[in-house]
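What follows is chain A paired twice: with chain B in the first complex and chain C in the second.
Moving on to the complex of A and B:
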């Protein structure tokens, strides 16, 4: 990798992914160019089945791209995964039901071979960060969906990754919980310097969180528009009342409509 | 949903029933039992039925108390044989399921065999076992292992075959094979293994006693029942049957307690 790509937390160049099956091939991604600066917050928004998740899974080394180049902190995703440079938050909390909250958060540290005492300490700090310090001994089923997803975020942060890949983490939650967790995520992100790639269906969520929004169209999945969100951080509850916020929501909605018009 | 999945979740409905009807679950069977014993006792006394044919419950109970020490010893020996058989059969079955999991064609082949064997009267193989092991407790242990292994294989194989988002999680954190096994695959298969044991353990007692009946080591329940019945000691036979029932209930309770302990995180065993 060249020296200039070091400045990018995430970078995809002419990325393509084709899935082959008996029913025929599906072009999930085509000519995707994406650059997220280190410390940037990029949201990807698009209709269902547009390949947003495939893009995130390519960055997290869960699918192999068919064409093009992709890098995380200037490294191949497989190298970045081995070096534990990114954490993944899945659509569902994806907690191990037989482990307590604390032992779910320590799992990545256990894999790294961190000794028990320091991994418990780190996990407890992470639980403090997501506001669940008193739930470390609970089992996942004793927690609400929103709390479970906060545990998943704590787990993803436990290895102190410089990149966080979040695949519609709040998609299954009600709007009130989602708004609260968005605020929470802004607070957490303010304390870190992580690059975040965030997949979402929600326009307001994307505008509230991101420094930049990529709008995707489906079949084949392509990025049709990049929208900068020039609302200064830190963002809080008042952010949602700003006129710029409304203007951006309208702009993203227009871009989404245009993107879906391309396919239908 | 396969039968194995249904068996894993099976406890949930039972338990809910218990919570809603604590009185009915305890009271109805008790009344039923008392009524049954009373009628039995009365019929034997009024019709003056010979002891050889059908002894009265009071006579069986008296004999049970008299021979209690001996019966406990017999039950312990039978229980040990059954336990060894379950242990050996389960270890082989779970080990095999672990080895072939991921090799789809081999797994499928073994699954169809284990399903077929489950349907066969494996106890009929006991004479073959005595050819291999002699008329010893080893033959009984081997018979139990053979009877239990196909059940445990089906359940363990089902438990290992599951994939979920957890596998992607394990990959995303670059977990090695050992962590994947201990943190994910084994705990995930535990509900299936426990469901298998709930079937296999009571069955192991039945297989032991029948095998012993056809010739096993002398101081076991099955051998005792056979010897006493040829001597026409009907009361002794009945008291051994009572002990066999108690043994069956005890092992079932033991497995249920283990189940509740190991699966306290499982959705069907939640207690708030």
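Moving on to the complex of A and C:
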């Protein structure tokens, strides 16, 4: 917990992860160096199977690194988890179908032992934030996929985390809905100033949201390029029409192609 | 077992547009089921009468439905109304069934959970439990009676033994099929094993557990009756069945009446479980979700 690393919301140094299985070993990550400043928005983009989820899962203490070091707010992931410093949004909404929307959002607080009244109040505020205040009594199956993902975001925000780890949260949505949720995420992030690690397959999404984009190649998974997105926040619908936006999209596409070319 | 649907926030009076669970709709569905059940009963009675005509059975071996039912109004040698006599014995059987069902359910939940949680326990215990299930309880019931007496203990042991199995299997299967992502979700919030059992595993498994409970409820009645059959028991439907066998030649209707009562008791048990499931699970009891 040195003073220097305190400034990083997320940090990985020489991170490596090797999965051993009967079919042979897989080097999912190798020599990954990644630094996200507190309050920064880092997107990770790369070909399928390059280790993006593994990296995110290492930060969320769901995967043990084989080599290297990793920290969340200067702490070990397990410590950060114990201190409830991060929230995770999975690729699927991952809601519990027998619980109402409100009670899905209160879940983390219930686990933490927060009393019913204050957890309901917090959850209601989070639902306001994602624009689902009138759906608190619905069940997940009564919502569209986009609404379910917003509930998942509200749930991740309910513990007021300083770090948000999001694994392709909008991957299953159509482009219009995705654009809308991107805008919403920008608005929410503006209010929270959390550190965000965001995995995506969409180049435009990455450019629109991030302050920095890490491009990965696969086998072994490593970061091949870091691209700064120097478009000032707050970003809005017009951002997508800026010439810088197009230039960055082209640059990321090129980096992605090069990364894929490294993969055989 | 499922505190899940208690509704955290009954004061929030927002409209729920879930039309499938409106009260009227539910009542109508319930009424429809009762109607179907009634229709099936009438059909069964009609088939009985038809079989009687086709096989040319006499009224002694196959009494008319109405004759059998009228016997319910007769008086026993103890100068008691026969229906009341049946009810008293059914009540005694029901109590024994319920105790066995509760004990068996408790054991089953604990065993099922341990099996699901630990591969070691699962691999060791599951074959044993399955093997134990193959023991013909009717055959060993007399031995148990000799050993434990004709009292409530024997009844409880036998009904527990019978109800324990379906609950164990349902609980283990239910918990084992909780999706990995749900476990990971709780893990990221540092949920303890107990918390995740309460918040995730048991609620997830509860539709299956209720199915197991339905089977167990039927078994519990059978178990209690079997426990009452050996000579020496004093009350219960099993005892009445035994005495009715002895008088079958002179009065076959008594046996049919007690058989019908046993069926009715079983039905009451199973339907009660179904009703509980309906209230505890809502639409999930219908398999609409998951």
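The definition used in the following text is that the second predicted complex is superposed on the first by the 264 of 264 C-alpha atoms of A that agree within 3 Å, B and C clash if a C-alpha of one lies under 4 Å from a C-alpha of the other, contacts with A are read in each partner's own complex, and residues count from 1 in each chain.
As a convention for this text, a contact is a pair of C-beta atoms (placed from the backbone, for glycine too) under 8 Å apart; a residue touches a chain by one contact, two chains touch by 3 or more.
A quick note: this is a predicted structure, and the numbers were derived from the prediction, not measured.
Novice: Clash or fit: chain B against chain C, after overlaying the two structures on chain A?
Specialist: Aligned on chain A, chain B and chain C clash with each other.
Novice: Looking at A:120, would you say it contacts chain B, chain C, both, or neither? Reply first, second, both or neither.
Specialist: The second partner, chain C, only.
Novice: Tell me which partner A:90 touches in the superposition: chain B (first), chain C (second), both or neither.
Specialist: After superposing on A, A:90 lies in contact with both chain B and chain C.
Novice: With both complexes overlaid on chain A, does A:38 touch chain B (first), chain C (second), both or neither?
Specialist: After superposition on chain A, A:38 lies in contact with neither partner.
Novice: Classify the contacts of A:138 with the two partner chains as first (chain B alone), second (chain C alone), both, or neither.
Specialist: After superposing on A, A:138 lies in contact with chain C but is clear of chain B.
Novice: Check whether A:107 is in contact with chain B, with chain C, with both or with neither, and answer first, second, both or neither.
Specialist: Once the two structures are laid over each other on A, A:107 reaches both partners.
Novice: Just chain B (first), just chain C (second), both, or neither: which does A:81 touch?
Specialist: It touches chain B and chain C both.
Novice: Tell me which partner touches more residues of chain A in the superposed arrangement, chain B or chain C.
Specialist: Partner touching more chain A residues in the overlay: C.
Novice: Identify the overlap between the chain B-contacting and the chain C-contacting residues of chain A.
Specialist: 60-62, 81-82, 84, 87-88, 90, 92, 94, 96-99, 107-108, 110-111, 139, 141-142, 159
Novice: For the complex, give me every residue of chain C touching chain A.
Specialist: Residues 4-5, 7-9, 12, 14, 16-18, 181-182, 184-191, 195, 199-200, 203-204, 206, 281-282, 284, 289-290.
Novice: Could you pull out which chain A residues touch chain C in their complex?
Specialist: Listed in rising order, the residues are 60-62, 81-82, 84, 86-88, 90, 92, 94, 96-100, 102-103, 106-108, 110-112, 116, 120, 134, 136-139, 141-142, 159.
Novice: Can you check the complex and tell me which residues of chain B touch chain A?
Specialist: Checking each residue of chain B against chain A gives 165-166, 168-169, 171-176, 179, 183-184, 187, 190, 265-267, 270, 272.
Novice: How about chain A: which of its residues touch chain B in the complex?
Specialist: Per the touch definition, chain A meets chain B at residues 60-62, 81-82, 84, 87-88, 90, 92, 94, 96-99, 107-108, 110-111, 139, 141-142, 159.
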